[in-house]
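What follows is a set of structures for review.
In the two complexes below, chain A is the common chain; its partner is chain B in one and chain C in the other.
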Partner chain A sequence: MRDPIATLRNRWSDSDARTDGGSATESERSLLSRDSVRSAPFWLPPFLLVGLFVYGAVVWNFLLSLTDFSGIGEPDYTDLDVENYLVAFADPIDGLLSTVGMGGEVNGATPAWSDLTVEPVWNSLGNTIALMVGFSAVCLALGLLLAILVDRGIRFENTFRTIYLLPMSLSFVVTAKFWLYMYNPNTGLINVALGVVGIGPVQIVQNPDLKLAAVAFALIWQFSGYAMIVYLAALRGIPSSHFEAARVDGASTVKMYWRVIIPQLRTATVSALVVITVFALKAFDFLFSMYGGYQPGPSADILATRMVREAYANQNWAYGSTIAVILFVMALCIVAPYVYSQYRRGDL
Partner chain B sequence: MSSDTNETGRSRRSVLASAAAVGATGLAGCSSLTGGGGGPDNPIQLLHAWSSGDGNAAIAALIEGFQEAHPDVEFAEEPVNGAARGNLDQVIGNRLQANDPPSTFQTWPGATLEKFGDAYASIEEDVWTDEVEENYLPGPKKQAKLDGTYVTVPLNIHRINNLFYNTAVLDEAGVDPESLSSPADVVEACAAVAENTDAVPFAQQTSGTWSTVQLWETALLAQAGVDGYTAFTEGEGDVEQVRAALEHVVELSEYYPSDASSISFTEANTMVMEGDAAFIHQGDWAAGAYSGNDEFNYGEDWGQVTYPGSEGSYLLNMDSFPYFDNNPSPEATKTFLSYCASTEGQVLFNREKGSIPPRKDADVSELNTFQQDQYEDFTGADSQPPSIQHGLAVSTGIKTNITSAFSGFLEDYDVDATAEALVGAFE
Partner chain C sequence: MSTSEGGAGLKRTALYVVLVGMAGFYLLPILTGLFTSITSPASYTGQAPFLPPLSPLLPETGSFSLQSWGNAFDGLARGLANSFILVIPATILSGLFGSMAAYGLTNVDWRGQVGIYALFVAGIFIPYQAVLVPLTQFWYNVVPLQSLFAPFAALPLVQEYHWKLVALIVTHTAYGIPICTLLFRAHYKKLSTEMIEAARLDGASVSTIYRRIVLPLSVPMFAVVFIYQFTQIWNDLLFALTIVQFGDASVVTQELVGIGVSQSGTNFPLRMAAALLAALPTLVVYVLFGDKFAEGVTT
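Now for the complex of A and B:
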């Protein structure tokens, strides 16, 4: 498809042409013969469908978050306000501090649409960010390490690659049940391994200090293979002359990767990061299966579980939409810099 | 040739006639949608989540019995797969948003009815006849009402305040289950099991919150009595009583399996069956698993006592079929609900489900010995308080708060914070 800005520019120049006295039939013909118009049957239907069902739904969800919609019935769009956002971010300073483990108790508020106190989102927001940062940082580091190792021309390279990538093909439900077993204090492999080095059986699944880390660890196991594949592809794209030049200049292996190779993996890092953090935002299925519902407990409660709880258990649709908007903005914050950098480099 | 023509003619006519009939049915459907009623009904749309196991056998038996009794009423059974009530509620919620309710669906009665409150209609005259009303006990009757009006038909009762035990393990430990008379006695019995046997004293799962909420509500009932329990469910609970019940749970948690947080209810229950655990506190669906095992027999290998301290109470967990306003099949639905309110339907259903009929005049001779004993307890019970965990006692918003409080409790067993959160769940 042509660059939309170029298309726009053409259109302007066309209308200029008309004021210059070009005949209408000519401009009509040129309008119809334009690439973007002639290809419209191909791009317009999906464009409209995506516009309606994705971006339309996003806008609708945002509108819903401004209403007082709860229970069954129809939302009332005549009385829109940001009350739900005020409830969600009640007590901003203490709330923000509490997400980093400081600050006092944050009290919930009772919005107009509820008889019960509604808690702000600080706790689940903090957990979501912690999970996102911890999981994606380790996942990328591990993926890079694996990619470099696999790229070193080891034997059974393909076999290793498949083994590392395999967990990604499993669904969250399977991995959650699997890790529930892995973390079992009596029979789970993690505790058996810890036992070998003399660390006696540890309660993990319901341990408030380890819960979120345990979830992140399981997700790392599942997705570091993906990071590896992305890095591997990028490594294969680097000409071998770069490696050779570094060698000739006397760089050690570590230095070669650190100074020459890794800086060239920037694009791969950003694209893997985007996908991986979005997986972290969606860890709902994992928590749902592991804790048998959308109540994983305060130390592992993320925005996604909170959202489903508000929307489907309590039927607080408007408040659920509010949390969905917060999640959407978070995802946008991750994707936007990526899209912008791609745009700057002219890749978009 | 002419007969051929006649044939075609007739078949054309019959096609036309059936098309007209379909149209008429559609119209009748429309008129019933607008509340007009009359004319032939649409088939009954029954949505439930009993897609496997004993629940599936039970609903199949109920529908089969109904169809034998009412061959003229059509059924369009639509089980919602996933076997989770949560999914079912979402489906119902979506259909109600679209103003397209089914005939009826599987739901907890009691406070859970508030969730779709406005969508139900009264069946006081058509289903809850005097004969039906006389034969339900006060507890289940109260749960069948929304704001004082009958809108649903309770179909079965699972009891929550049970303590199941493995006879051989208790014999070895020298514990007589019949002698236990208070929650504190259970803790002592667990200590004796821990001392005298290799078995885990109290099988429990803690990866999900539900088993712990059940245990706590049973402890609250046993310690604070029906009055204290009811006061809590009405939002006027005494924080000291709540705390005492939580402390009982903490004491018992010392005797849980060491991997309680990683196992499921099924695994915990299997521990009792295999003699690896002495006690389990559960709803009487636990017994359903025992009855599937030929070498684990009621009275010989396992037994059940009312949770010590809660004698005289039958802590209710029920399923029910409510009646939706704007019903796609008004008459047929009422006929079906009346069948569910009959002893015949209830016995057919509960024989498979392992629960007991909510009517007090059922002929339970077809049920197994354990169910008969439970039924005797039920009809002789002084009170039938509704379960909190199983959605009867509190509305869904409050229940979410209570579950949240317990999801925190399972992390650190902080009695004070949880007690405050529980009392605060109503605010």
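Now for the complex of A and C:
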């Protein structure tokens, strides 16, 4: 349909078809192609940008994960294999992290499987899943609770809503600085509060047992307001007759929410969950700021930090790409069913 | 939704106690940071950091001083400038492209638009990590942007290192398009089809309809999208870290990471002042346009 004359003719035939109701299948087909062509100046440039920088880069990243690219220089695309994935998912030895390693020498040859020196991803994968599950569950529960409270016809509703959502407007980097202060063992408010209950000052940020929980707690502080807003919008969408019907039946408030209202919040839960889990996958910025660099330590290391460290601190580019593919697949597993269900419901 | 009168008073009070308590939970870290940042570093003890520093009136709180804010500004000035150079064009470009894409995929009917749109939606959720190494390769080894940009450095106010910010602007624009498209599309679906149909029957072209009808009706949505994108891009660290890397072109989030730490320990007043200063543009936007921000994140 590049031919301008053909386009023009389609245009004519289309306007004819439109005036008489447009029943002929032939002119209908030309109408379809015509509209896609005529609207192309609008959707094509953004589509090309997204196609190149998002999807093109994802494919390129997958290719890189098959190479042995490390150190400085150019990646070599002639010798592709899945070695990096074997390293990533190698068995941990004796319950410890196995160091299966990679790429000591880069003298043009493929580093052999045996003299690689990189850890598999099990540790950071486990942390990622723990963070995702713990953080999302608490975030949603707290958000739902807040939404129900805010929905009780309160005064100053706007003020409360604004305050609850405020942390979401902050950068991960800023949040990390605030919580580093809150957690510090000498004067941090968390330790002051613990001191009141009689628990001595606790090292939180550098404590392997508490690190991940501390990170999750700060992220809950930042994003539970978001869950609240999503649930509140959904609660407002439920007809008030449902609330009243439950009350006429004599149901208590708790029972009413549990039996009648919460089951209707499924869509809101799913969309909030998708967004929040993906935020957890991206918590790199927070950890980088909290620990002042690429090394959050093994007990708080998630795939997001591991990937950037391997690529940009250790220059194991190909291995970094491999971890990135794992992250991408995890995100895809969460998002694809969501997008598909949206499509099925006709919401796209 | 008010509960029945008898015994409701107590319930109501409990409700407000919980609501105010939660407001305290969300505000406390920020307020603590604010009060610490305006404490003079010399008098800072760390006792009761949640109280304003009014030393004679409130014992042990230290004395008031804006010294840390001054120091924070000196430390972050370049980063703040770079952030503004990055954020303003990237926000406008991604918003415009998003609006165009949403129009091309919504108000003009053709098969296949849902498929393309699905790709856009999925693009919102792709973790940045999945593209970092290719993007670094692209901007440093494939596109000779540095040498292409060199002639522009002769222009006033343009520095040679700004080429890195150009790379970052393009990257953020591309990554912002999916979410902007989603926001605009939700809006465009609600536009009256009759008006567009009428204009079409009058012989208005696709681009005339966009300029004359759709664009003027999108103004409120542009506010939502710009606020959302401004916050997102301003707050980002990862793309800046990997594409700009540390140096002259560092943005404010990068500069903030290392501030306030030295051999002698952590300078909390300086660090809190820096954190608040880095957050100030987004906080101002949020306080002024909170409802628009809420609309952006929930659509």
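Going forward, the second predicted complex is superposed on the first by the 291 of 348 C-alpha atoms of A that agree within 3 Å, B and C clash if a C-alpha of one lies under 4 Å from a C-alpha of the other, contacts with A are read in each partner's own complex, and residues count from 1 in each chain.
Note that in this section a contact is a pair of C-beta atoms (placed from the backbone, for glycine too) under 8 Å apart; a residue touches a chain by one contact, two chains touch by 3 or more.
Given the structure is predicted, the values throughout are model-derived calculations rather than measurements.
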| item | value |
| --- | --- |
| Touching partner for A:Ile154 - first (chain B), second (chain C), both, neither | second |
| Touched partner set for A:Ser169, first chain B, second chain C, both or neither | second |
| Which of chain B and chain C A:Ala336 touches, first, second, both or neither | second |
| Contacts of A:Val205 with chain B and chain C, given as first, second, both or neither | first |
| Partner chain in contact with A:Tyr181 - chain B first, chain C second, else both or neither | both |
| First, second, both or neither for A:Tyr312, with chain B first and chain C second | both |
| Which of chain B and chain C A:Val54 touches, first, second, both or neither | second |
| Partner chain in contact with A:Gly292 - chain B first, chain C second, else both or neither | both |
| Winner by number of chain A residues touched, once chain B and chain C are compared | C |
| Chain C-contacting residues of chain A that also contact chain B | 74, 181, 184, 186-187, 292-293, 312 |
| Touch list for chain B against partner chain A, complex | 86, 89-90, 93, 96-97, 115-116, 118-119, 206-210, 257-259, 261-264, 396-401, 403-404, 406-408, 410-412, 424-427 |
| Residue numbers on chain A that touch chain B, as the complex places them | 71-74, 114-117, 180-181, 183-188, 201, 203-208, 211, 290-293, 295-299, 301, 309, 312-316 |
| Residue ranges of chain A touching chain C (in the complex, touch as defined) | 15, 18, 32-33, 35-36, 38-47, 49-58, 60-61, 64, 74-75, 146, 149-154, 158, 160-174, 177-179, 181-182, 184, 186-187, 189, 221, 225-226, 229-230, 233, 240, 243, 253, 274, 278, 281-282, 284-285, 288-289, 292-293, 303-304, 307-308, 311-312, 317, 320-321, 323-325, 327-328, 331-332, 334-336, 339, 342-343, 348 |
| Of all residues in chain C, those that touch chain A in their complex | 1-3, 15-16, 18-19, 22-23, 25-30, 32-33, 36, 45-47, 49-50, 97-98, 100-101, 103-105, 108-114, 116-123, 125-135, 137-138, 141, 170-171, 173-175, 177-178, 181, 201, 203, 205-207, 210, 231, 234-238, 241-242, 253, 256-258, 261, 266, 268, 271-272, 274-276, 278-279, 282-283, 285-286, 290-291, 293-294, 297-298 |
